[in-house]
Amino acid sequence: MDRKEDATEASPLPQDDLVMGNAIYRLACRLFPLCRSITGQGVRETIGILGDYIAIERHDVPSGTRVFDWTIPDEWIVRGAWVKDPSGRKVIDFEKSNLHLLNYSIPVRRVMPLAELKAHIFTLPAQPDLIPYKTAYYTDAWGFCMAHAELMKLAEGEYEICIDTEKTAGHLSYGEYLHTGTSGKEVLLYAHICHPSLANDNCSGLALLTCLAAYMKSRKTYYSYRFVFAPGTIGSLTWLARNEHRLATIAQGFVVSCVGDGGGPNYKRSRRGNALIDRIAACTRCGPDQKPLNIADFSPYGYDERQFCSPGFDLPVGLLQRSAFGTFPEYHTSADNLDFIRPEHLGSSFRMVKDIIDGLESNWTPLNLSPKGEPQLSKYGLFPTIGGHKVNTDRTMAYLWILNLADRSNSLLDIAERSGMPFAEIAAAAADLEKAGLVENLGFGER
Amino acid sequence: MDRKEDATEASPLPQDDLVMGNAIYRLACRLFPLCRSITGQGVRETIGILGDYIAIERHDVPSGTRVFDWTIPDEWIVRGAWVKDPSGRKVIDFEKSNLHLLNYSIPVRRVMPLAELKAHIFTLPAQPDLIPYKTAYYTDAWGFCMAHAELMKLAEGEYEICIDTEKTAGHLSYGEYLHTGTSGKEVLLYAHICHPSLANDNCSGLALLTCLAAYMKSRKTYYSYRFVFAPGTIGSLTWLARNEHRLATIAQGFVVSCVGDGGGPNYKRSRRGNALIDRIAACTRCGPDQKPLNIADFSPYGYDERQFCSPGFDLPVGLLQRSAFGTFPEYHTSADNLDFIRPEHLGSSFRMVKDIIDGLESNWTPLNLSPKGEPQLSKYGLFPTIGGHKVNTDRTMAYLWILNLADRSNSLLDIAERSGMPFAEIAAAAADLEKAGLVENLGFGER
Amino acid sequence: MDRKEDATEASPLPQDDLVMGNAIYRLACRLFPLCRSITGQGVRETIGILGDYIAIERHDVPSGTRVFDWTIPDEWIVRGAWVKDPSGRKVIDFEKSNLHLLNYSIPVRRVMPLAELKAHIFTLPAQPDLIPYKTAYYTDAWGFCMAHAELMKLAEGEYEICIDTEKTAGHLSYGEYLHTGTSGKEVLLYAHICHPSLANDNCSGLALLTCLAAYMKSRKTYYSYRFVFAPGTIGSLTWLARNEHRLATIAQGFVVSCVGDGGGPNYKRSRRGNALIDRIAACTRCGPDQKPLNIADFSPYGYDERQFCSPGFDLPVGLLQRSAFGTFPEYHTSADNLDFIRPEHLGSSFRMVKDIIDGLESNWTPLNLSPKGEPQLSKYGLFPTIGGHKVNTDRTMAYLWILNLADRSNSLLDIAERSGMPFAEIAAAAADLEKAGLVENLGFGER
């Protein structure tokens, strides 16, 4: 399978989305080879690459630091790992895939019979050609992951095992970048940085948010946008612990992961269930066929939104994905590679995220200046002059909905919700109506 | 195709519904041939025919009158219109169908090649034998409508075109009839009068409401019933403008259209969504098979309920139809003719409208006089004396529901809603129970 | 078909549920042969058998006693009933099945031609081999029930008829048993006792509740549990009339019937709709495959919950069944026999009832003592130490839901409802978390 760094086939995506998708894909390709974990050099190198795009600030928090009910573990250092069969051939080699080594394995240097070794080998019998991704962060264990088909080929005999790792006092690192808006309120955008060579989960999220941060430099916004790139669970907990005094400024937020494939899209609501971000996500569309997002209620299983939505914080933070984690066969296997994610999907996902941000930024409340009956839209060039058959194009319907509901009590988001139309369409139609002098902008709705 | 003015085949409709259906059909047949528009002689003649049934009052409002964001246009006069082919044969003739002429066409008298003429001809390629209905009210355009199959037969060459029309200062006319009840509250019943030879849309609505008005002469009612027959959009706006000072008396209302076919029935809620009329419609059934109405939420696209439900008025006015406009293939074509509507469907629709009015008039609140346990219904002849298998006939179930819920807090409508039974069934059962002395009438519920 | 008094095949039911199912089945077998009615010896004998298990108190209320809108009828005594064909052969005999006699038949001793007799014979033409169950409690009628196939075999001629019954002043009897808890609040558990030889409806309910009452002797409870075994309708009305002054103590309750087959389970909400019992039933599961209960809204047709939920009482009393009455083909026929009900289903039903009671008894409110982020569950042995693939077992998910929602505002029932998990699973997980010191018991929620 040859790797296509740019989507070249004709696409119905807007050209700038495709350009952006290609840029995101190129960044994901740079991030993919690194062996990340919840601590260590891979995380620092990843943050370094993101620093080529944005002025990211790296925070290093020492091992042993208490973080709520947790403690930052020793840093994990990997120098190599392999298994040699009785003939001395390397049958597993960390050099070939960093998924081969159980993440956070303790060092081992031993010879043992195959039967004993097997107790330390993880495979996926139902997906016999794929290497699974397994972790053992908070325990002292060792192991290897490999394709089940390869395991089946191993002959009986004595195997030589080398895991050249070390756990030593070091740091947990995370990256942070702030785009400053005019208000004191912040939108938290979060991606986990701890996964090794897995493309969709979550090189895609890291790359998309980084390109978004770079893109936003040219935008003036109401909200500030705080981008956080941190290891799963312990990373978000560490960020929460160090920022606890200022969490009141977090007005909205969402976690981004698995945004490079063509599935979904899926949005999981925050614990609050009806936060502004939850409502806007439900009025958002994605991709050339403008699919509505599948909206799931909050549940306490998932990514780092679990921590932001724990009862002690209860922040309005959701989870945005294309295919939902755990539901696609490539999930947490060697098949989640750079062929699985595509520039056009990254481009669509970028547009979806941008539309959500536009929703946060532009939820104004229109007032119909001609509220008695409909205004004569054809006078303003907003309605066809020849009638008789259905003229309910999306734009025309958006005009009618806005005019009907623009009675001071409804923001554009309220109108999008009641009409069932995308927020972006309602916002564009409202701009037309304001330009035509048919509605007045009463200022912003809920923020 | 021969026209059947009376439905003679056996029908499970109640006999008086069939009689009424035939009467409505006969009136629709009288209205069908006239060339109506939003102004002009056709509207006045239509109101004249309705005047044979009820003491309708005609209002004539001069061209140029400002109506909110609109202006009443010049009156449109048609004397004739045709197209002759190079051999001098009339290939389009307004005399044969008033749909052939683009409604509100400006006058034209020219010779031109077929290619040039075609830019002014509207057809329906997917329904090649039907003439479409098209309008150009608020612009200066001209055109013809014809069957696509006929257009295909036209040979190249020079065509002679005659549109003998005129736009001149005149009037917009509408008709109004009031049935006076005992309260000061009014129910608005509205049908648009502007369509030329289209039977379901809306000769059926005009005829049904007129026959209803005639029928109600013999009834004493709580509400007054205001029947308005006016051109679409500009007509309802004109009525609203001239009655703005007294709109507070409009307690409920609905627009009636497309009530002559066997589809649906469909009810679109008012903008308020939970008006009494909306709730009653949802508890109404239609036709021999007692179909529940499909209930749609309000949307700002449709007929004149758009104007009544604009934010400056927000009247509790819904839309009642059999097949919903725009969804049936005959809609706005020459196939919407007197064969498409049937007396039995008009009769069922009449019964449905009458049931809704009965609901408005008779939503009383019962009190169970024997509220501790069920009363022994068999003592009163309201329950079978031999038991053992299911006896939950509709009427029995209605007794049980009423007795169970008649605790002062529920009107008959509340009971119909919670039980899922038709209001008419609940009302009939409540009458039985009152007669048996088992419930007391506490007076009227919501009105 | 041979009768299996014990389920011997391997079953995934917990062993103690199976033991209990067998015990319930044995009791149902004792109750089945008796000819019960709404009064009379059969009811007294039934209460006598239940008295072998629990200290049941029998109440005898005289015929003629006024009970709200009803009057307790004379007692019905049956000594025998048969029909002889022209050859003198008994073609119907009460001795063979007590269903053969229309319940509450008046005495008859006559000879008549078949044609005349047929007007008094009830059959089920669609189920030609089954005898229907029919009643004529509050009227003076006589009749027989038989298999339609048997009726078809009868030859013309004179038939001799003997119905040796008597209606005479006597008593309506019902049984009552109280398990006393620590609070003054009572849970009402009701089964109707009036049906003759019908196994599921309702020997199953009588037997299950009796075994439950016996089982509860060893339990200390918050609620008192009042078990009432009374004839349908007139029995529950009589109990209500005699206990009207103390109905305020009834905090919750449900009627139990048809709990011996493998269908459903079904729960019908009380009239209030959101009583604690209604909410707990919706979070309960049944049987080896842990089926959620089908939850139906209250309706006024059914068993004795109709009386408890009449507007004069409005008690929070639901109806619990496996297959819903009237929906299974064996209902009210001779096929509702001891082969139709099975020990394993009775065992599952018992567990379901017990789980509901556990829900009533143990709806405490947890407080997460580590509310900032998730606690590190693996430290407490509550989470696997090797990660990477989905670990959302039921128990793990229950931990996460409880921790997420344990913010003082949610009881275990609230948590079960929002998570969609069974109350029993949430309660078990909460016990683990309390033991681990992760949550504190704030006391009981709604009771």
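Chains here go by letter, A, B and C, matching the order in which they are written, and residues are numbered from 1 within each.
Note that in this section a residue touches a chain if its C-beta (ideal position, glycine included) is under 8 Å from a C-beta of that chain, and two chains touch if they have at least 3 such contacts.
As the structure is a computational prediction, the values presented were derived from the model and not from experiment.
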{"item": "Chain copies touching (chain A, chain B) - same or different residues, decided at half shared", "value": "different"}
{"item": "Magnitude of the superposing rotation for chain B and chain C (Cα, nearest 5°)", "value": "120"}
{"item": "Between chain B and chain A, distance of the C-alpha-averaged centres to the nearest whole Å", "value": "52"}
{"item": "Per-residue multi-chain contacts in chain B, two or more chains", "value": "none"}
{"item": "Contact footprint of chain B on chain C as seen in their complex", "value": "67-70, 102-103, 132-139, 141, 143, 233, 236-237, 240-241, 244, 271, 299-301, 306-307, 309-314, 326, 332"}
{"item": "Complex contact set, residues of chain A against chain B", "value": "368, 370-376, 378-379, 385-390, 392, 397, 400-401, 403-407, 419"}
